[in-house]
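Pasting a structure here, questions to come.
Naming follows writing order (A, B, C, D, E, F, G, H, I, J, K and L), and every chain is counted from residue 1.
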């Protein structure tokens, strides 16, 4: 079982960006938390972050047919990254969308996600913990739909 | 620690409503699943379902100052239940919104939730399992914000 | 053959509400008219009116799998009663929507019905007679689609 | 008692147009059905179909002051035929609008009719039978409003 | 002279709901204040609160032809309660709309009231005192329009 | 000097169409009035009316390069007759748009003309007299721009 | 017979403002032209120009009940001068709106006039000549509606 | 205690403007009524009316820091007078907005007030009496917020 | 193999209409060019032009089941010709839409085609050559989908 | 070299208006700052402020052909002052628009300026210093375009 | 003669991406097809694909003044790639836009291209063949406009 | 004192891109001009240009906590670069937005900047000089807010 964990623009500075607002948990700590859970669930986790939409697309192509699911926080690409959307649709495995903050209680334009329609679900507003929940829900979904694993 | 689990209109017929689409898991089974997890987490779970917006509001008022959090699937009220929204805001405890299906891949009007801005987060698209995740995330959130419990 | 005849909010005062505008035909007279026709067509008619969206939903759930069609005038719920819409969709039998007045020649917001997309058709603007026509058209539709009746 | 039955663009190929979708009932059969009912109700029925908005307008002018009501399925002109609308308003007799399919469950632009505001009502979604119901409802309306017939 | 004082959803918890924001004046204190003024003005005041739109509609029907005016704070129903709107229009007596807070300085969607077009006026932003003013203005209006009282 | 006077759909029944609203002046009387003025101004007037957008377009093509200006009341085509618009633009002579009634004090959709941007001006709201004024203003405009007449 | 000729903001510099575009005819020459025609038609013409919406309103109030009609070019106030609109409606005599240029072939926002709904008609696009036509059409309208003049 | 009573454009002709619609109460009578109430409440009332937005702004500046509250009927400026809005916000005392008629039952554009967001409340639809209520509500508000008066 | 080549309103005057803009290639020359290519590809080409939407619809009906594909330049009907759209959908063969000019670099309203959703593709902006390309692409598409030709 | 410095509504109370927000720099101090810079750059500066749109228009007319550029802060007229816009366009010299605060980080309606399209540029958000920068940029622009000064 | 063939995001996986939907033709096969045609037409074809908008922009800059035309399928950048649009406009040679599928029969947001206004035309819906047609049409266009080739 | 000067997509070809429109000043000359001014003001200027949104974001992260302000011309990213917006907000130092041309006098979509709300101000329309002014205004702002420099 192999899952991609993708982080979009500006998530690399998590923990350093206005910590009084976004908390002191860094990207690395978040990834470690998810990786620990992935291992416990016997799942290989491929972690990748980029501030470039193109690199996120390239990365997804690299794992075309080579992964079982995706957990992604698209950052601001959520609202305009249509190339990323097409790539997520192309990989043709279940995708879960994560947001650290409750995007529905911020600027109006943050309320519509161009990514959600090509995902199976979203976990929104729970900080780093949301990633772990997303992974668990994704794996349970895969287990249910395809009990015998990839192949 | 006491949490309200609220189900809005039409969720009572879960399992009986077009089971080939919505699955065979009933409301009772879903509640049992969440209750089991609540017990394991040492949390009292008050379950309530109604097809009446007014009863959901009444129920929330009953627990004003008497609960620590809310997990709610507002059903179709998500999109127009402003009285429910005001009631959720009034109880003044963290609220998590749950949807069984991915509301962003259905009719256009299902994409905007009037409830989300008064919640701390959403878990969308994961069927019954989404409720369990929502409960866990809610309890973790409460633990973090108010480590010593209600009072 | 069993058909539900549902009336939404404010239809109970038909005949008493500005009779110079809405006519002197009461709810009871309307129901009698439709019931007479139903009997002539060998069809059991279950009549129900409520000013509560929740009760209309409850009522529909009660007849889940126990009725062959629905004739409904949703009253003002036509324009925002999404819980009622979901319930109508859930009963999974043909639904016909009726309006006493021509809703397209009144306030702009009365022109869009949230209910119509889950019905098989509408009869609009013909007062009490519209219900009778709706029943006839519904029964003919059922006869055509499922010649041998419920079972 | 004289009623015009008008069919707008593309209704002439009814029965030949994707019959697996629109059914095998032809325009002629539909007209015969309505004509039979009209005769039974002692009503002269003038039937006319055209793919030209202008001809529909010309036809209505021809019967200015010479007819008692109109049953019309404007086809796609429903959504942009403002000249037809003005003509229907000009004939100054009750008009009933008919649609074969439920236009509220198709493309978004089919939901708004420019014709409805100048009619007394609509019968939508019942195929050929809808025309018969429309005729009956129209005649009943005329009888009520003007018991003694044209003159 | 009989006037209905209606309170919509969530107004029952006035005084208990975030008192640092909405003040410590309770629903009962507000009602007492208005009742005192009503008595001084020789007017019978029927007070009713409900979190159910349907009950507000039922209540209005009960007083059809049996009251001279209505003072109402529809709570969140202001923005979507079209059944309530139809009921207020049906009672056919002057209606005054009251809001405790200035709804024009809050969320954008609170700026449009679906109720206002069927009222004679609004008093907005003055807390409990606004009800008293509304009653006085309503009675003065009735006195002017129909100097000799109901009958 | 040759000018086309064009009348769009439904203008042929002027005088017969709800005369208590639109007056008793017929199309013929209107044309005679304009023709008289044209003769006095030494101008050949070609009058044409049609309920068919296609015929209005055909007519304009017939006079391509053979006329000096156009006075047109497009009737309801004003709001959707884009083929007529393209034809008016193609004839490449000054066009004046006329409306009998004040289209800005009627339905909202009558306020935008798709024709106006390809005209030199409009005379709106003055009944039959508006045509005469339009002709005079057109001829004065032509005289100014091209003092020596066509050729 | 007394008619007000009103010019809104920036019309005073007519002839001096980019004459290669707007022509060399000045405000004075335009007024003289209209005044000559007014005299010939036995009508007193009161001319007034202001760049202040308030002065235009004051001026209209001054002639409340003391004039028979108004010809007005509201300049840019056309699109936002709602106080001017209310004043024009208050004087309660026929108003004709004039624009020098074809406002429908310029910026999009110039296409909607807030003034038109309170006028009887518009003459648009004919420069100074448009004022003369407007006066003639106004006087003919008044003569028709009220043959015996003010009194 | 000093309060400004401001009237916007066209309110000076109250009583003379279509009295069958707006009533026979003049501006002066309205002011006298409010002034009487102000005196009874021990409050200095500075009355000012202008048809010029600029003069209303100038007037407000004159009382910057020299008044305790404002009662204003902005007339049509309600819908576009953003300079007036900025001035009202600048005076930094409580403002109450008054409208004589129910602006929510007239033209669509009259439903949105650009002024309301900078006021503490509105009294709408009660004619001259609305001003008196507004003054009372304003004074009660000031008394509550700042019990010891200006300084 | 039989293909319909359809030209909508105003295309008949190609070459005569502002030739400095649209070029000197006439409709006949364009048709000859396409016909030559059709012959070379062993395809019967039925050419038809009309300024009447109704005639285009009639023509399509004539070839119902008697043609293999359609190349159409709908002219201005592109943007409102919904009857034509329904007819194109009814013929149930592949349709290619052609525009002489780049409609996306002209007026805003020319950017949306009501026809495109019922076609298989578009060739836009290449003048007469675009028709030839459209024919070639259509024939290749047909060959691929139905290698053995009609029948 | 002569430049107009124009200030729109409410700018006269700069320094007195909520100084804790807008700072203590007064209009006079701002003008002195700009005037000092103008003198250093050998430029005559004509300063004018008004709360009346009409006076700003009058002032611009006064300098028609008598000035080389304009620096303007239109205040709230930015968003609706179309008469001011037309006047700025009429003076036909380069105009620079200045705003003290960042209008893009305030209310949504402050984001669109009706004035910007007739200016050569904007300096927004820099308080009094923004005027000085605007003057410098304007003079540099003029020097470049017309090196030899007015004449 | 040198032409750039550009492919935007996700086009590199053509043939591998859901082949049952998008077909088995790969990017390489498509390029070979176009290259063969280019050679036959004596044209140098520079092929480039990237999932990075920035690289597409860089690539276009590299050929500034060094190419004669561009054929581009912008992928999802079609709908938001304004930097790519500016780059295409900057190269200042004819651009043809290609889409494999009919973007007008998919999601609503795919109907508007931000790229089309800076192209000379589009070929939409014809898969790989559309590129060949686009190249031919581009070369014919260049030949016509600049018969003697680049320089 | 260290300031970042950032240039977005397509600004690298300044001077080479249609020089008759954008002028002959190159990116390098612009940078030299700003650098000279920065040195005179004792400020270190870090210049960076990229056609990749991702690289602009990376660059900003590199200077997180290591710079005192940003001057940025986001090019077309102005209108959709939400990742860049988030990065600018994250660096948490004052940002000034610059545009070479007056974006308010071009295409409609260029009027709204997604970047402006996270800046302190904008300098728009003044070509290369605008950057120098922006730097000066930024430094003055920093000096005022934090007189003693970074640390």
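Observations on the structure shown:
The rule we apply is simple: contacts are C-beta pairs under 8 Å (C-beta built on N, C-alpha and C of every residue); 3 or more make two chains touch, one makes a residue touch a chain.
Because the structure is predicted, anything quoted here is derived from the model rather than measured.
In summary, the chains found to touch both chain A and chain J are L. Both copies, chain F and chain G, contribute mostly matching positions to the interface they share, with over half of the numbers common to the two.
To fit its Cα atoms onto chain I, chain F must turn through 120 degrees, a value rounded to the nearest 5. Distance between chain F and chain H, defined via averaged C-alpha coordinates, is recorded as 49 Å. Distance between chain B and chain C, defined via averaged C-alpha coordinates, is recorded as 32 Å. With each centre defined as the average position of its C-alpha atoms, the distance from chain A to chain H rounds to 55 Å. Contact of a single residue of chain C with at least two other chains is seen at positions 52-55, 80.
Listed by label, the pairs of touching chains are A-B, A-K, A-L, B-C, B-E, C-D, C-E, D-F, D-I, E-H, F-G, F-I, G-H, G-J, H-J, I-K, J-L, K-L. On the chain E side of its complex with chain C, the touching residues are 52-55, 57-58, 61, 64-65, 80, 82-83, 85-87, 90, 92, 114.
Chain A contributes residues 102, 104-105, 111-113, 116-126, 129-130, 133, 136-137, 140-141 to its touches with chain B in the complex.
On chain I, the positions that touch chain F within their shared complex are 8-10, 12-13, 16-18, 50-55, 75-77, 79-80, 109.
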